[in-house]
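Chain lettering (A, B, C and D) follows the sequence in which the chains are written, and residue indices restart at 1 in each chain.
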Amino acid sequence: MDFEPTERQQYWRDRVKNFIDAHVRPAVPTYKAQDAEGDRWKVIPVVEELKAKAKADGIWNLFMPPRNDGHHHVDESYEFEGPGLTNLEYALCAEEMGRIGFASEVFNCSAPDTGNMEVFHRYGTREQKDQWLTPIMNGEIRSAFLMTEPFTASSDATNIECRIDRDGDEYVINGRKWWSSGLGDPRCKVAIVMGKTDFSAGRHAAQSMILMPTDAEGVNVIRHLPVFGYDDAPHGHMEVELKDVRVPVTNMLLGEGRGFEIAQGRLGPGRIHHCMRTIGVAEEALHKMCKRLQEREAFGKPIYKHSVWEERVARARIDIDMTRLLCLKAADMMDKVGNKAAKQEIAMIKVQAPNMALRIIDDAIQAHGGGGVSDDYGLANAYAHQRTLRLADGPDEVHARSIARMEFAKHLPEKGPSANALRDGKGPQADNDSLSSGDMGVAR
Amino acid sequence: MDFEPTERQQYWRDRVKNFIDAHVRPAVPTYKAQDAEGDRWKVIPVVEELKAKAKADGIWNLFMPPRNDGHHHVDESYEFEGPGLTNLEYALCAEEMGRIGFASEVFNCSAPDTGNMEVFHRYGTREQKDQWLTPIMNGEIRSAFLMTEPFTASSDATNIECRIDRDGDEYVINGRKWWSSGLGDPRCKVAIVMGKTDFSAGRHAAQSMILMPTDAEGVNVIRHLPVFGYDDAPHGHMEVELKDVRVPVTNMLLGEGRGFEIAQGRLGPGRIHHCMRTIGVAEEALHKMCKRLQEREAFGKPIYKHSVWEERVARARIDIDMTRLLCLKAADMMDKVGNKAAKQEIAMIKVQAPNMALRIIDDAIQAHGGGGVSDDYGLANAYAHQRTLRLADGPDEVHARSIARMEFAKHLPEKGPSANALRDGKGPQADNDSLSSGDMGVAR
Amino acid sequence: MDFEPTERQQYWRDRVKNFIDAHVRPAVPTYKAQDAEGDRWKVIPVVEELKAKAKADGIWNLFMPPRNDGHHHVDESYEFEGPGLTNLEYALCAEEMGRIGFASEVFNCSAPDTGNMEVFHRYGTREQKDQWLTPIMNGEIRSAFLMTEPFTASSDATNIECRIDRDGDEYVINGRKWWSSGLGDPRCKVAIVMGKTDFSAGRHAAQSMILMPTDAEGVNVIRHLPVFGYDDAPHGHMEVELKDVRVPVTNMLLGEGRGFEIAQGRLGPGRIHHCMRTIGVAEEALHKMCKRLQEREAFGKPIYKHSVWEERVARARIDIDMTRLLCLKAADMMDKVGNKAAKQEIAMIKVQAPNMALRIIDDAIQAHGGGGVSDDYGLANAYAHQRTLRLADGPDEVHARSIARMEFAKHLPEKGPSANALRDGKGPQADNDSLSSGDMGVAR
Amino acid sequence: MDFEPTERQQYWRDRVKNFIDAHVRPAVPTYKAQDAEGDRWKVIPVVEELKAKAKADGIWNLFMPPRNDGHHHVDESYEFEGPGLTNLEYALCAEEMGRIGFASEVFNCSAPDTGNMEVFHRYGTREQKDQWLTPIMNGEIRSAFLMTEPFTASSDATNIECRIDRDGDEYVINGRKWWSSGLGDPRCKVAIVMGKTDFSAGRHAAQSMILMPTDAEGVNVIRHLPVFGYDDAPHGHMEVELKDVRVPVTNMLLGEGRGFEIAQGRLGPGRIHHCMRTIGVAEEALHKMCKRLQEREAFGKPIYKHSVWEERVARARIDIDMTRLLCLKAADMMDKVGNKAAKQEIAMIKVQAPNMALRIIDDAIQAHGGGGVSDDYGLANAYAHQRTLRLADGPDEVHARSIARMEFAKHLPEKGPSANALRDGKGPQADNDSLSSGDMGVAR
C-alpha cells in the first residue's frame, strides 16, 4: 500500500487539471450565455471548440482502458487512440472533470458515451464499431442508453417490459423508456436499447441489447423530464415511445439473451467515473462554502468562526477524503483483480458518493443563504443532479442489498436454521447479482 | 390539556378541507395547463374563479385574528370581514391548505399577504388601511415584503444597507433587495420596504418600514431568482433595485426607527402559517409514498413489505405528528399568552417543520424512483420550496441560537465565571431578540 | 384542543413534583450511600421510609385508572385506594418521577409492578387479587414479569418456548427466561410467567399467563445480567431457569390460551409510563448539560457560546417538547377512545422516547467530558438504562413495522398488483397485531 | 498510489493475526475467569504468559518506529529491540490487536505505554531511558500519563492548574488529575505528569512534563472512575491527588516550558494506534452482527433478510472500509512527510474512528437484543470504551475546530472583511495548534 500518487498518476491528473484551469473554467460564462440564448436543444459552440483543443492536445478518450490489462477482452484489430489509463489513473482525472459540469464532455469522457463506448469496444462486431464507435470516439456523434421504463419498478431489471421480436432479417422493438439521457442532444445518433427477446426465459436469459439509430421510424420522443426544475438541455432526459421500430438483425449486440451479461460488464467503470466526478462536485461545494463563510459576518464575528460551521466543514473534509479513498481503492481493484472481484467495492462507492456529496452541497447552500438555492452559485443545480445519482443505475436500496448479501456470506453462523439454508446454497451468497435498470440522470 | 379538536376547530378545518376536495383539487390540472401556456407572469384564471367562490362561501381571510383577544391592538373603527379564528383554529385550516400549492391563495390566506395584512392591521393608519389593506383583503391586489439584501449576511438584520432618507414631504429609498417574493405577480401593487432611516442609531432604532407602490419610479426589477430551477411564476422571487424611489411621508409605518418592532410583531403568526402548511406538504408526501410503495413490486414482493421502508414510513408518521403538535401548541400559546411569551416555541417550530418535511419528501422521492425528481408527482418542487424555508425569515442557525439562549437562561449554574457574567446581565438571556431579514421563498 | 394543563392536571403533577423536591431529591445521597454499602441485593431503608411518607400523603398508586372510564372492565367488588388519575393526568406525574431513578418506587408506581397490578386488576380472580394484588398495592411485596427468553428472537412472541403443562390440579412450568427484571429484589414474591399451554394452537391461542411464587421449588436464578456494566441492584435483571415448577391450577390467569390477549392489554399504559419517565430523564440531562456549559470556558469564552452547542441544546429542547406532546396525546387517546384505537400512537411513542433521550444524554455526556462517562453525573447510567428501552417490550424494528402497516392501510393505492392483495385481506392491515416479548431492563 | 498491501505489510499483519488466532483468542475465557476472581486490581497471569511467548516470537514493541526515517530524532546510542515498522505497517497490525481487548498488551503495544515510550525515546536523557524506558520495553513495568484535570475544561490545555515548582534540586508537584489510565495496575511504576512551571508564561511556554514515580510520597489515589459501569480493572482510570510530591530536577523532560512541544509530538502515532484498534473493534462488532442476524428468525424469515438490516450492514461495511483507508493514509503520510504535515489527517481520523465504531456497535447491540447490552457478547463494553475516545486526547469538537481551521486557510476569499483579517495573520491559519489535555480512557 502506498497513498502517494505515482508520477504517471500525477502527470495525467495535472494535465487535465491544468487544461480545465486554463481553458474550461474561463469558458464557463460563455457556456452559460450560449446555453441561455435561443433554442435550448442545440449544440453549444464553445464546447465544440474546447473539444477540438483537448483532442489536439491528446487529452481525449482518457477513460478507455489499456489494451491488455488481463481483465478485458480487447479486439486488437480495432485501432483506437488513447493513452490507455488504468481505472485508478483515470479516476484522478475524473475528479478534476467533475468540478465543472460540462468538462467531461470536453475530453470526450462524458456519460452515457463512456459506458456505451466500452460496450461497443468489448462486445461490438467490427462492423458495429466502424459504424458507431469510431464517430463517437472522434467526438462527432453522441449516444444514448435506453433501459429504465416508466411503468415498472426499475430497481429490479427483470421487470423490463420492452420487447424485441425477430421478424426475418429485422428486429422489431416496442416499448416505452424514460430517463433516456442525452437523447435531447441533436448530435445523439445511436441508442443501445435493452429489452426482452424471450419473455419465457429465466431472469438472466430474457434480456438482449440492440443498437437503434435515433432517427429510425417509430422513435417518438414524448417529452423531456426535468430534474427538479432543470431541463439539463441540450443533453436532456427523455421519455420516448418505441413503436414498431425496425432495425437489421446485425444490430443485435453479442447475441440474443445476453443483455444481462453486457449490462453487468458496462456498469463497473461507469460507476467509478460518476463517483469520481462526484468527488469533484463535493470539493467544489466545500470550496465555495469555505470561501463564503469567510466573506460574511453575523453577530459580531465572521461566520466561519461559529463552531457549528467548524463541525460541518470538518465533517465535509473527512467525508470527501474517505469517499475518494474508497473510490480509488475500487478503481485499483478493478485494475488488479477485475470488475467482478471488485463488485462489493463498486456497489459501496455507488451508494456512498452521491449521499456524501448531497450533504455537503446542502450545507454549502445553507452557507450561501438565498443565493444557495438560486442559480448564482451552481449549488442547487449540483444538488438536483446528485440527487438523481441515488436512483440512476439502481437505487441505494438495491446496492445496499447487494453489499449486505456479500457481507453476510463472509460471516456464516455456526448453527441455526438459516445457517443450514446458507450451506444449501439458498443463503445470501446465492443472489448477489441483481441488476438495476436505469441510466437516468447521468447527464454529465 | 385536551388533544381532541373542539367542534369549532373541526368545523372550520372541515369547511376548508371539503372546499379543497370539492373545488381546488379537481382544478389542479386546469391550473397546470393555464400556468404552462404562454406568458409565465400572468394571472391564472382558475385561481380567480376559485377565489370568488371561496369568498362567496365565507371561507376568506381566515387568518385574521379575533378582534379582541387580549394580545392584539385592534382598531375597532376599521371594519373587516372574517370569522376571527384563533391561531389554533386557523392552524388546522392552514395544514389543509398546505396540501395543494396554490390553495392558500384561493382563501386569500397566502404569504406574504397574510403577514402584510397583519402589519397594516396592527400598525397602519386609517388612511393606509383604506388605500391598501382593503383591496388586499378583497383579493383585488397583492403585496410584497422587501427585507433581504444580496450583499450582506441576511441572518443578522442589523446588516441591512437599504437607506430611507427624508427629503421634505417625501422619503427617498435607495437599496438593493432580493428574494422579494410575489413581486413577479402583475397584481402586486404595494410593497413594505425595510431600510435604515438612521444609520447611527442603535441596532434596534435604525430600521424603519415604509410603504412603496410597486409601480413607483425607480423600482427596477433586475431579474427573477429561480429556486432549484423553478421560477415559481407568476409569484416569483425578484431581485430589485430601488433607485431614488420617492414616496410621501405618510407612507411611513408607525414612525421612524420602529421597523424592528414591526418586524417582530409580524413574524409570529406568519411562521405558524408556514409551518402548518408544511405539515400539509409532509402529509401529502407521506400519502404519495405509501401509495406508491404498495403499487410496485421488486425482488418478489411489494416494496412496502421491505422493512427499510417500514422504518421510513414509521419515522415519517412519528415526525409529522410530533411536529404538528408542537406547531399547534405554539399557536395555542400565542392565543393564550401572546406572541412574546411563545417566542421559544415559535422559533422551535420554525426550525423543526421544514427540516422534518424535507426528510419525508426526500424519502418519497426515493420511493418514486426517476418519477420522484421529475415534475410528475410534485415532490421535487415541494422539496425545492421547503428548502427555502430553512433560510427564509432567518436561517436555522439563527433560530437555534435564540432557542438555546432562552434555554440556557432557565438553567443557570450555581458557580463558575460564566455564571457571574450571566447574573450581570451579560448572559444568554440578554440577547435573544435577534431578528433575521428575509422573506425569501415564501411563495405560497 | 387545548394545550394548557387543567387545574387537576396541575394539581397532581405539582404534588408529585413538590414531594420529590422536598423529600426524594434530598435523599439521593443517602440512597447512594446505602446502596453502595454491603450486600447489593437488599432492601434500601431510605426507600421504605419515603414510601411510608408518600403513602401517608396519599400520593400512592397514582397509575391506577379511574374505576369507570368506559374502556376498562373494573371489578367493583374489589376495593382499592387511589385517586384514579386518567392516563393523561398520570403521564404528567410520571415525567416528574422520571427525573430521579428511584422516585417512581417511592409512589408505588414502578415497573414491572404497575403493569402487573393492571393485569391482576383487569384479569385476576378475587382470590388472586386478595393474595397478590393487595400486598403489591400496599407496597409490601414486589413482582416480576417473565416473558423474554434467551434462545429465540424475542422480537416475535410466537417464538416463546416455555411450556406450561397441566398435571391434575397443578400446572408444571418448564423454561428459561432472562431479563426478568426485579427478580433480584428480596421483596419480589410473585411472577407472572408467559408460556405455551398448547404448542399446536395458532399463534394467538398457544400462549397463557400464570402466577408463580418466586420461592417455588424449581425456580433457579442462574445469574444477574449487567446493563453496560451496571447490575441495577437490588432490582436486577435475572436469568432464571424454571424446572418442573408446580403451581395450583387456580394460578392460571383468565384461562388457557389467553396470554396473548392479556399481554396486549398490559402493554399500553406501561409504555406510556416508561415514555413519560423518559421525558423526565431527558429533561434532567438537558438541565445538566445547560448548567455545565455555562460553568466552563474554553478558547476564550464560555462553552455555551459556541454555536455547535446552541444547535444541540436547541435540538434537545425541540425534541423533548415534541416527544412529550406525542406521549400526552397517546395518553389522552387511551383515556378517550381506548388502548386499541390508540395503538399506533402507543407504538410511535414507544419508538420515539428512548431514541430521543439517548441522543440528548449522549450530548450531555459530551458536555461533561470525562465526568460524563463516569458515575459522577448519572448520565452514563441513564444512557445504559435508556438503551435497554429500545429493546424491552419489543425492539424498535417491531414497532416501526406495526406503525408502518397501520399507515399503509390508510393509503391504499387505486391500482396495482399489491392493491389487489390488500383488498383480499392479505395487505398491511391484516397483520398489525404483532406482539413482542420482553420485559427486560424495565428497572424503574 | 497502490491499495494492495506489500509483502512486508502482509507479513507483519499476518504474524500478529496468526498469533492472536492461535494463542490470544483461545485464552479469552481464561482471561475472563482470572479477571473475575478475587481482587480486581491485580496482575492477570495469562497475560504475562502470553507476553513471554510473544516476546520470544519477536512480535514485540512493534510500534517503535524505524531508527532513521527522516522524521524522528533517534538517539543511536540507545539500543532497542524491535522490527522498526513504519506507521503504515504497524497500523495494519494494530487493527488485528483491536479485535480482542487485551491483545495489544500481549505485544507490549498498549496505551498509554506506547505513547510514553515514544516520549522517552525522543525526549528522554540516556539516564531517564535506562531507568524507565528499558523496563517498560521489556514489559516489566507499566506507565501512566497524567494530564486531564477534574476542575477545568480539559478541551483547552491552557486551563491546566497543576503546578510544578522548583525548590533547590527538586521539583514539587501539586495538583489534581483524573482519568489517569493504568494507574490502577500494580505494575505501573512511573507517570509522566503535565503541569505548569511558569503560570505567567504564554500559552505555549507555561507547561512542562516531568517524570514521577508512582510510589512517591504525596501521590494519593482518591478513587477509580468507572466508564459506564465498568471499572476496567486492573488497568483502571484513577483520580489522583498530587500533594507536595518531590522529584529530583533530573526528572524534568527536555526542559522547563517544553511540555506543549512534547505533547504535540506524543499524540500523532498514539492516535493512529487507537484508531486502528478501533477499526478492529468495529470489524468484530460487524462480524457478530452478521452472524447473529443469520442465526435467528422473526416473522417468518431469517432476520438478515429484513432490508432494514441490509441497510445497516451495508452502511457498516462502507464506513469501516472508508475509515480504515483514511487511517492508513494518515499513517502513510506520517511516514513520508512527518507528523506535522499529516496534522489534518490525524485530527480527521481521531474524530472519525470512534464515531464510526459507536454506530456499528450500537447496531450490533440492537441485533443481539437483550444480549447486546449484557456482557455476553462484549458489545456494551466495547461501546463504553469507544465512547471515551470521543473525549480522550481532546473531544471531537476541538479536533473539528482544528480540521476546519486548516481547511478554511486553503480557501481564502478574494474579498470581504474577514479576508483582510486572514491576510493579517489573524485568520484561521494562525491558530491551529490547539492541544487538548486528556489521556482518559485509553485503556487498551
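Observations, loosely collected:
One rule holds for everything that comes next: a residue touches a chain if its C-beta (ideal position, glycine included) is under 8 Å from a C-beta of that chain, and two chains touch if they have at least 3 such contacts.
The UniProt protein names, listed by chain, are A, B, C, D = Acyl-CoA dehydrogenase family protein.
All of these numbers come straight from a predicted model, not from anything done at the bench.
Listed by label, the chains touching chain A and chain C alike are B, D. Pairs B-C and A-B differ in how many C-beta pairs touch across them, and the larger number is found at B-C.
Distance between Cα centroids is largest for the pairing of chain D with B.
Counting every residue number used by either copy at the chain B-chain D contact, over half are found in both chains.
Centre to centre, using the average C-alpha position, chain A and chain B are separated by 39 Å.
Here the spacing of chain B and chain D, counted between their Cα centres, is 51 Å. Under the contact definition stated at the top, the residues of chain D that touch 2 or more other chains are 296-297, 306-311, 397, 400-401. Chain D meets chain C in the complex at residues 148, 150, 152-156, 159, 178-179, 225-231, 237, 296-299, 303, 306, 308, 365-366, 369-375, 380-381, 383-384, 387-388, 390-392, 395-398, 400-401, 434, 438, 440-441. The touching residues of chain D, counted against chain B in their complex, run 306-311.
Those residues of chain D whose C-beta lies close enough to touch chain A in the complex are 1-6, 9, 88, 286-287, 290-297, 302, 304, 307, 309-311, 313-318, 321-323, 325-326, 328-329, 332-333, 336, 344-345, 348, 351-352, 397, 399-401, 403-405, 407-408, 410-419, 421-422, 427-428.
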